[in-house]
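Chain naming follows the written order as A, B, C and D, and within any one chain the residues start at number 1.
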Amino acid sequence: MPDGALRADAETLERLYRKLYLTRRFEEVVADIYPTDKIKSPVHLSIGQEAVAVGVCDALRADDVVSGTYRGHAAYLAKDGDANAMMAELFGKDSGCARGKGGSMHLVDIAHGVLGSSAVVGSTVPIAMGYAFALQREGRGRVVAAFFGDGATEEGVLWESLNFAALHKLPILFVCENNGYAIHEPIEKRWAVRDLIAKVAAFGLPASRIDGSDVVAIRAAAASAVAPMRRGAHGPSFMECTTYRWREHVGPNADFDAGYRSRAELEPWAAADAVTRVGAMIGAAARQTIESEVDRQVRDAVAFAEQSSMPASIELKTHVFA
Amino acid sequence: MPDGALRADAETLERLYRKLYLTRRFEEVVADIYPTDKIKSPVHLSIGQEAVAVGVCDALRADDVVSGTYRGHAAYLAKDGDANAMMAELFGKDSGCARGKGGSMHLVDIAHGVLGSSAVVGSTVPIAMGYAFALQREGRGRVVAAFFGDGATEEGVLWESLNFAALHKLPILFVCENNGYAIHEPIEKRWAVRDLIAKVAAFGLPASRIDGSDVVAIRAAAASAVAPMRRGAHGPSFMECTTYRWREHVGPNADFDAGYRSRAELEPWAAADAVTRVGAMIGAAARQTIESEVDRQVRDAVAFAEQSSMPASIELKTHVFA
Amino acid sequence: MSSLNGKVPASNGARAGRMLRYVDALAEAVAQEMERDRRVFVYGLDVDDHKRIQGSTTGLLERFGAERVFTTPLSEDAMTGFGIGAAMAGMRPVHVHIRMDFLMLCMNQLVNMAAKAHYMYGGAVSVPMVVRCMIGKSWGQGAQHSQGLHSMFMHVPGLKVVAPSNAYDAKGCLIAAIRDDNPVIFVEHRLLYPTEAPVPVEPFVVEFGRARVMRRGEDLTIVGISNMAIECLRAAELLAEAGIAADVIDPVSLAPLDVDTIIQSAEQTGRLLVVDNAWTNCGASAEIVARVAERPVRNRSIRFERMGFAPTTCPTTPALEQEFYPNPSRIAAVGYRLVRPGDGKWVPDPRRAELSYQVQFRGPF
Amino acid sequence: MSSLNGKVPASNGARAGRMLRYVDALAEAVAQEMERDRRVFVYGLDVDDHKRIQGSTTGLLERFGAERVFTTPLSEDAMTGFGIGAAMAGMRPVHVHIRMDFLMLCMNQLVNMAAKAHYMYGGAVSVPMVVRCMIGKSWGQGAQHSQGLHSMFMHVPGLKVVAPSNAYDAKGCLIAAIRDDNPVIFVEHRLLYPTEAPVPVEPFVVEFGRARVMRRGEDLTIVGISNMAIECLRAAELLAEAGIAADVIDPVSLAPLDVDTIIQSAEQTGRLLVVDNAWTNCGASAEIVARVAERPVRNRSIRFERMGFAPTTCPTTPALEQEFYPNPSRIAAVGYRLVRPGDGKWVPDPRRAELSYQVQFRGPF
C-alpha cells in the first residue's frame, strides 16, 4: 500500500464514503446475524476489500454493468443493487433478489446493472465478456466491469477471455481483487510469477496495478480505463487491485488463529483502511448524516428480510425454464 | 525464415537428413496410399513441418519422452517410434502401435518415449507435464518435449500448464509448431497479440522464437533448453517454431485452390525446405545410401502393414480396463 | 404414417416442401431466423471458412456479414460463457461445434452456468442460446471424434436437448431452438447431413416434447435416437420381410421427452427396443426404458431391450468400428428375438443391412 | 445382515475394527497406501491447508511431506491432465476436489483422455488415478456446490465410479481405488463425513462391483446410492413401524454395477424403489431400473419407482431446499404406496424423519 493521497473533492468523498460505509456496515450486520442461523447459506465477506468495488463502480454509469463473484456483496451494493432484496436473499426469502434461490453467492440485480454472481471461480468472467459484446453491438457506450479474485487468474478461462476481449476490442474492464489468498493458499503456492500485470499486458490489454485501499486512485484508474471504451473500439483494460481479506474465507469470523496467516499481516491494511480514512476526511456533520442514513438503510433491509415470507413450496418448480 | 546457416558437422547433418527424409518419405507414401482407402481414418500430414520435430528430437536422449498431436507423424518418427507399427496402425491392423484402435491421431510408442497423441487440441499438454513431474521425481535427468500447434495456445489449459510447470520447475520443453493456421483460420482471427514469446516469458518460462525450417537452429535451441533441466530444478522452457503446412489440414492433398491461402504464401517456405537444403549439404554418396535405406524402410513398413491382419472381433472388448 | 407436429402450413404443397438435404435445412433455418431477428448471431470455430462446417453454415457470412457470423479462437470454455453472456443481454447466439466431443471442454459453462442461470437468479435472466454440435461419422473418427454425449445434458435440469433425424425436423427444431428462451443443445449427426426429406420453404417450428411415430406396426416398438431413428426404419423394413411389424418412434426431442407416445405404443406391442447413438449406461435409452417401466398404469407387461455403442471406447480400425455401432441388421435381429424369443435362427440379409447409411434416405414424410 | 465383501481379516475383532468416522477412514486409507506404495501422492486445491478438506487429508502432509501432498493453482483442467500424465508414467495420483461440481471443469481430461487412454493406445499405457470428489451438503450450498453428477461418469466406458455410504466402505473402496490400474471417480458425500462405523485397523479392499444388502425384508427392495443408502435405512425403519419390511441395498460401486444382487431382491419383493442423491433423468437410478426391467429371465413382474433430486436446480433457501432432496419420510411414503397402492393415507412421523442426517449413523456392520 502506498501513502494513499486520496485527493478528491468533498462531494466525491462523501459519495464514496456512503458506499464504503454501506458495504462495511451491511456486512458487519450480516456477520452479527449469521450465528443466529437466519442466514442459512455460506457468506464470503468483502470486509477490508470494499474500496475496490466502490472505487470502480463510482466510475461507472448507472446503465453500465458489473459482474462479481461469490464474494460479491461489495460489488452489488457499490453498483446500487437493491439492499432490501439482497438482505432478503441472504435470508432465503421470496422477496430476495434471486427469489431466495441464489443466496449470498448468486446475487443479481439486472435493473441496476448487477449481473448474477457465481460460486464457481472464474465462471462469470467470460459471461461478462459476452455481455460486453452485446453492449458493443448496442453502441450506446455502455461498459462492463468484471470483478474476480487472484485465484481466478489461474483458471484457463481467464486467459481465453482476455485474448478474445482484446481481439474483439470489447468494452470490458477486468478487475482482479488480489487479496493474496485463495481460501488459505497464498499466491506463492499458486503463481510461478508474481507480476500479473506483465502477463496481462503481454496478452494485449492495458494493465495497471493499484493500491486497493486507495479508493480515489481506483476510481481514477477505472474512469480513465472506461472513458475510451465508451467512445468506440478501444478494447478492454485490466486493473489489479491489491487488497486484503480481514475475515475468514467463508463465514463471519476472523481467523488469524488458524495459522495460515498472521495478524501482523493485517496491520498495514487495517491502517490503510479506506472506510476509516475516507470517513476521517469528510466533515463530521456529513459523516454523521451518512452513517445514520446508512444505518437506517441496513436496519430497514434487515426488517424487510425478516418480514418477507419464505417462498411457497410451488416455487421449487418455477424458473427451471424461461 | 532467416538465411538459415545450417552449420553442423557432417555426421549430424546426415543423421538429421535421415530423419527428415524418413518423415517426408513416409508421409508422401501415406498420401499416395490414402486414395486407395486402405487407411480408413483421418490423416494430418506434417509435410513441410518436419524440421521442428526432427531438430528437437535430435537433442533428446533415447530415454527422453515426447508428446505430440493428431498431426504427430513427424514427432513419432523423429523420436524413433517403430515405423512398421505406425504404418500398421494407419492401416487399422492388429500389429499397429495402438493395436489398430487409435489410428493416425493416436500414435503411441512408449518403448521409444512417444506418449500417446490426441485428437482434442491442447489435451496432451498437461499430460506431458504430469509425465515430466514423474521424471523429475525419478531424478535420472530425463525430460519431456511437448509438441502442439499455434491453435493450442488459445486453449486455457495451456496457460494453466505453463504456470504449473514453471511453479514446480518441471523438466519439460514446450514446443509450439506455429504454422499460422488452425484448420483454415489464420492467426489474425484468433490472436489479439502476435508475440507469443512475450506472453510465455511473462508466465515465467525462458522462451524463444526460432525459424522452423532451420533444423540445426532448432536442434541447438532444444539442446541448450534441456541441458539445464537434466541437471536439476531449472524448470521448463518454451520454443515457438515458425513453420508452414504444405498440404490440406486433413487429408493427402494440397489445397491452395480452396481460397483461404495462396500458393505464393508457400513459396518462401518451400525455398527454405529443410529436407531439400540438408539433403544438398551432405555428400551425394551418403545421401543416396540414406535415401535408399529409408525408401526400403518405408516400403517394408507398408509391406508389414499390408501383411498384418485386422484385429479379431473380440478385440473390440479388450483394453476397456487395464 | 407420422403424427403431425409443428405449425406447418396447412396446404399440402407447402407442407410437402421441396426435397432438401439435412445440411441445407440447418443453414436455411439459421438464415431465416437471422433474417427475422437481428439478435441472432452465429459463431464458433470455422463457421466462416470455405468448408462451412460441412456446409451447414453455407451462405450465412455472405448474407449477414462478419459481424454476425464469425469464428473464434480455440477456447471452447470462454466462448461458451461468451454466448451465455450475450444471451443474457438479449442476443440469440448460435454456437457451433463440429464435434460433440468438444463440449467436454465447456461443461462448466453449460452445466453450472447456462442450465442454472434462470433458476439460480430467480428468473432475473434467461439464456436463449443454441449449442449446435455434430456427432462424428463413424469412418475412423475414433475415440474422441464420434461420441454421442446427449444424456449428460439430459441429466441436468434447465437444458433442452433435441436430436433431429431428418431434414424436416432439423429445420423445424433449429428454428424452435433459436426462438426458445432457454439453452438448447442441438445434436446433429454427420451421417444425416446428406439425407433428404421434403421441407417447407417457409420458416416453421417443430415443437419440443413431441415424439414422432415414423412407422406403424403392432408387434414391436422401436425407439431410435438421432441417426438411429433412420437405422431403425431400415431395421423395420428387414423385420417386415420376416413378417414382423414394428412401430418406429423418433423422440426428436430428448429433453423434454414425450414418453407418453412411447408408452402408448409399447403397451400395444408389449415389446420395447430402444436404440441410441450413444452408450446405453445412464444413457437416453436407460431413461426411456425406466420411464416406461415405472409407468403408473400398466395394462400389459412389456419386454425391454436396449442397443447403443458397444460398452467400449470407439476404435478406429474398420474391423472393430463396425461392431461398435448398432446397424439395421443387428437391430432387426434383436427385434426379432424380442418378438419370437424361442426362434433364434433368423438373420436378415447382411448385404442389405450393412450399407444402410449410404442408402439415400428420403425422409419420413 | 450384510453380505461379506472384501478381503477382511477373518478374526472377528479385526473385522469389527474400531468405530471410525467416514472422514477419518478416508485419511487412514490414503495414509496406509502412501506408506505401502511410494508411487502414491495426493494433490488438489487445499489438501494441505489447516482445514484439510474437512479433515479428510489430515496428517498426510506431516507424515509424507510436501513432495507427496501438495495444493495446486485453481486449474482443474490442467491439474487433471497432470495427474493422468503422472499416472501414465507409473505414479498413483489421488486428486482431491472439495466439490463434485468442479469436475465440470475437467470433463475433457476425464472423459476424453483418462477414460480412453488405455483403449485408444491399445493397452500401451494405463491411468491408475483416483479422483476424490465430495457432493456438497445441502445447507444452502445451492446450485453449484451440491450436485451429484456420478451418472455422467458411469456413462463413459473406461471409468470406474464408486460411492461408499459408510466408513467401512470408504476405507476399503479408497484403498481399492488407489490399487486399481484404472481411473476411479470416488464419490463422497459431505453429510457422511461424521458418520461412524466399525472399520478394521489394517488395510483392506472392498471389491468393486459387489452390492451390499444392508437390511433384509420381503415386501420391497430399496436401493440407496451414496448418502441415500443411509436415508433409505432410516426409511426402512419407518416402514417397519407400518409393518412393511424392506430390503435395503447399497450398490457401493456404480461402475461396475452389481445388478444381480438387485435383481435377486426385486424378483423376491416384486417392488423396486431406487433412491439417488442426484437427478433421476439419465441418472444411476434410470440405469438400475432399466437393467432390472430388461432382465432376460422374469419370474415375477416388478413395480418400479425412482426418487432423487427434484428436477430443478438446487435452491439455497431452506424452504425449498428441503423439498429438493429425498428424505426418509418421503422415501418411506413412496415405498408404502408401492407396497399398498390402494391405501394412500399413511404418513410417517415427520419429526423422526426430518432430522435423519443429523442422527449419528452407526454403520451397517
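As a working rule, contacts are C-beta pairs under 8 Å (C-beta built on N, C-alpha and C of every residue); 3 or more make two chains touch, one makes a residue touch a chain.
Only a predicted model underlies this, so the values are computations on that prediction, with no experimental measurement involved.
Path length between chain B and chain C in the touching-chain graph (shortest route): 1. If chain C is disregarded, contacts among the remaining chains keep them together as one piece. Look at the CA centroids: the one farthest from the centroid of chain D belongs to B. Our note on geometry: chain A versus chain B, Cα centroid distance of 46 Å, whole angstroms.
Mean C-alpha position of chain A lies 37 Å from that of chain D. Annotation for chain A: residues touching 2 or more other chains are 96, 100-102, 106, 118, 120, 154-157, 160, 163-164, 167, 189-191, 319-320. The set of chain D residues that touch two or more partner chains comprises 72-73, 75, 77-78, 101, 104-105, 108, 112, 119-120, 142-144, 157-158, 311-313, 315. Under the stated contact rule, the graph of chain-to-chain touches is complete, every pair of chains being in contact. Partner chain B is touched in their complex by these residues of chain C: 45-46, 49-51, 70-78, 101-102, 104-105, 139-145, 310-313, 315-320, 323-324. Within the complex formed with chain C, the chain A residues making contact are 96-102, 106, 108-110, 115-116, 118, 120, 123-135, 137, 156-157, 160-161, 163-164, 167, 318-322.
Within the complex formed with chain D, the residues of chain A that make contact are 40-42, 92-93, 96, 100-103, 105-106, 118-122, 151-152, 154-156, 182-185, 189-191, 258-260, 310-311, 313, 315-317, 319-320.
Against chain A, the residues of chain B that register as touching in their complex are 154-160, 162-167, 189-193, 195, 198-199, 201-204.
By the touch criterion stated above, chain D contacts chain B in their complex at residues 67, 72-73, 75, 77-91, 93, 108-109, 112-113, 117-128, 157-158, 160, 181-182.
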